[in-house]
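Next up, some structures in structure tokens.
You will see subunit A twice below: alongside subunit B first, and alongside subunit C after that.
Let's look at the complex of A and B:
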């Protein structure tokens, strides 16, 4: 810092060149360290993963070049395909529930009322709760012996179920707690978009004889379309890459019924310690991320009609 | 139905829906809280007891005195504060540089930064683990701090660049004319004016680091270096679960972040929205 301010004063008499040079130096000094760190911790590992994925590994060390063997093994492994299907079910199921729900909450929060401030704080509270804590809280709520949700089902339906012991219901519960944990961020983005819509538009629609449903469909939705696109992209990637919630809540079970691709990356790498194959699957997940983003931008990102 | 009746039906619907959302958001948290305050014999009751009678801090005492929770808590505090401070210092400078200087490739740099924040964390855990082992940073707080710092930089730079650009450059130019150096103008004029942006960035970064599980899980192994989320996870995987103690530990883990959220939520919403506008 002192060196820089020194350079500033040396630049007298201020020629244009010296000023440009000193500004340039300052820019490098300001921007450089952040970029360097990101390159080292986020970009270099991607290339390292590419290289690692072509090797057999032993105790975190490369044990011999094997070409595409890790990828071929993954492609021939039914566990991987099963996890891929689970990832799709988890991602699409969560999206289908969370989009209408978070939009509904956003509409509630957009209404003028005295409770608005308190309601907003309470409604977005699950956002603060980590995936670890969310999974633990809900595991206790759904506990087969003492959980209040289990009791509720028992009291209404007369069956005492071990939800997390059933492959189907474990996935349903997982999607449900994922919705609980992630709707607030969607709601906040949608609320921000709703607040930019001028009131006169609704008044104009009302005068033209539009009811609440018509004005929702023809005023609200078109005007928050681009935000909806952002939300859908963000959530798809969030869900597809989600590891912690699944790992803590079900560990992928029962019978691998909730084992997703992202979770499989963690398990292959740090439970089976097959780092080469873990790196390969991690890269496949990254490529699927890219495909999702491009697909959404191409199909939904067209100029607003 | 006349307008007035329709309006009151709307109000009733609104109140019911609002109560429903509030109940859904709060119920799991309240259930965790009441469990943590129950005497041991009331935790395992069926039908469940809703209110502890009498409430007791027994579970909190046990988990704080008889487990390593205080160590995890301390580690999380150290790692979170260090990485958030480092990330802010780096990002503030980078964002200012990107907001005020023009050079070739700037737009590409910004897009590149955004792209790195879209690399799924789980995909680079293995290389990061290797890197940590080979640099001697495995099972060290510093290793985790470095990764968390780096992972926060791209979002913070984008957020703060927007804030700096919204501050008129004329203010700094006036200061420069008055003989103030570029650096002084930045630290004494621009930074104080960006307080809302700094607070928004801080709370987002704090939430991310405090809540993250994966880095603590892969880059540390010993009890002495364990972070809170990993500690909570090992409670349920290692022993038969003591739900009272686990919920007490959960409440302790939630407390700092909920307090930070209440204090800073105004800025958080603002920050998220300013990020959202730019897409």
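Let's look at the complex of A and C:
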């Protein structure tokens, strides 16, 4: 009897271990490919860039270890600082416009309306258009010689404009089309969040004496707060890393007035063929992205309720 | 004075009329329950009192004021929602303070009122918690607390117990009733559950298809239902109905189409010749000779009594027996409805003739 039960207790753990292992094995099998993919396309390149940024390069070849020289050169280059300022103007300017705009559209779409299906489709359209096409489309619309918008302004105001030739207006236009092309994704997320708010809460607030603005501030905003956080992080990263739209629309001009850090990474790496310095700047941009995200999570993501 | 007067109120949603001329007066301090099957308009009527739905025609008065055109916050009412509708991002204290804050009540006064309401409902230890940290019953109490702090003239409850499990529902039922006895605030309570209506109400308003079928105290409705609908809606298990006519010769008797003969205490003048429905409550169908024999189909002992489903002349009837005897399925029981407790309804109009 005793011997039997002793044997049992010895025999039991391995079988449990085997079960745990096989359960584990299945999990590894499922998430393995995803982890492999992330390692290959995200993590490995970062470490590769870290190493590359410490070398002088000749085209795609490493030409000797230079330590932090690439970083020091970047820090002493006024073009980089100028691009940094442009990136901030572009990112913050776009965010300041896109958040109220996309929330406004989401609030409108959230109202009961017979036209809702049509309105939603129209509101989402800019998202369907690729960034390249958006940039080309608006470059054509604003073209100083034959752009319809230029023509319209001339016809109405009698002023011949060259928006893309003015450093200030080029940035304004860039921010504008950026907002136009990116608001739908923010709107969609906000709309989804708005639709999760039960109508009862608004009725309770109404009975409690809240008008539309009070309801918005005390019910809507707090309840879509976590979605707002996601939207802000997503858009900040999108804007800060934006290359396509800027590259095709203005190419960074006129007079480098729309040249952002992300665009500069591309230019240093593949126009000046200084891959080492490009990698260094790329890493700096990555770190700035991280700092942005952490800042948002700290300030907006404070759990409340 | 916080009497609630609803006079000739109508409500249309587009071409559909959902409230069709309702007149109800609820006295100061009264606990009135609006009850009826879903779609009868009871919730719509409550929302009209609250100001969440407009009034197509007619008047609603609270106290001395006509409130038709007043915003909910100016009607001096407080509402408890079925879902509780607690603000999830505010703790219990903030939930209760919200309406007072919007009203501009001084902070000290708010604190006092919250304290008083929390005392009444035992919410003191929960004040710092968020709704998601509360159980269903606690949320329900917070929702009531949020109503109490406003010290309104009228409380409105919209099916407040339907999200709770059966046991908790019974406990909260008693709690709401005790709260009302303590505060004596005029209350309108909507439910589809007739037991809730019976147990809680000073007065029950039975509604169907946008009209009031009958108004009265719980026992009044139970003992003297105005029509077939009220008779069938109030009471569980529900009343037995048998279609037929009265016999025109000899002793007053009801003869069902299926062939049952049921002795009556008296004959209403309007009864002879008409198509009628005879109704009697399950507890009024007793063991005894002089009625009819019935075969036992199902026996459901509940403890204090036994619910027995029988078949007599092809028709299923329910009786509630107090006798502690063994009843077996298939057995033949002699049954007889208590003549004094029988109702006769006009088969066409549904009106109670007795």
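Definition applied: the second predicted complex is superposed on the first by the 270 of 305 C-alpha atoms of A that agree within 3 Å, B and C clash if a C-alpha of one lies under 4 Å from a C-alpha of the other, contacts with A are read in each partner's own complex, and residues count from 1 in each chain.
Here, contacts are C-beta pairs under 8 Å (C-beta built on N, C-alpha and C of every residue); 3 or more make two chains touch, one makes a residue touch a chain.
The structure displayed is predicted, hence computed values, not measured ones.
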Superposed partners subunit B and subunit C on subunit A - clash or fit: fit
Subunit B versus subunit C as contact partner of A:45, first or second or both or neither: first
Subunit B or subunit C, by number of subunit A residues touched: B
First, second, both or neither for A:176, with subunit B first and subunit C second: neither
Which superposed partner A:93 touches (first subunit B, second subunit C, both, neither): neither
Partner chain(s) touched by A:252 [first = subunit B, second = subunit C, both, neither]: neither
Subunit B versus subunit C as contact partner of A:201, first or second or both or neither: second
Subunit B and subunit C, minimum CA distance [Å, superposed model]: 9
Subunit C residues within the subunit A interface of the complex: 50-52, 71-73, 77-79, 81-83, 85, 87-91, 98-99, 102-103, 130-132
Residue ranges of subunit B in contact with subunit A within the complex: 14, 17-18, 21-22, 24-26, 28-29, 31-32, 35, 43-48, 50, 90-91, 93-94, 96-98, 101, 103, 109, 113, 116-131, 133, 146-147, 149-151, 153-154, 157, 181-184, 207, 210-214, 217-218, 229, 232-233, 236, 243, 246-247, 250, 253-254, 257-258, 261-262, 265, 269, 272-273, 276-277, 279
List of subunit A residues in touch with subunit B within their complex: 1, 4-5, 8-9, 23-24, 26-27, 29-31, 33-35, 37-38, 40-46, 48-49, 52, 60, 104-105, 108, 111, 113, 115, 119-126, 128-134, 136-141, 143, 145-148, 151, 155, 180, 185, 188-189, 192-193, 226-227, 230, 237, 241, 243-244, 247-248, 262, 265-266, 269-270, 275, 278-279, 282-283, 285-286, 289, 293
Interfacial residue positions of subunit A with respect to subunit C in the complex: 198, 200-201, 203-210, 214, 218-219, 222-223, 225, 304-305
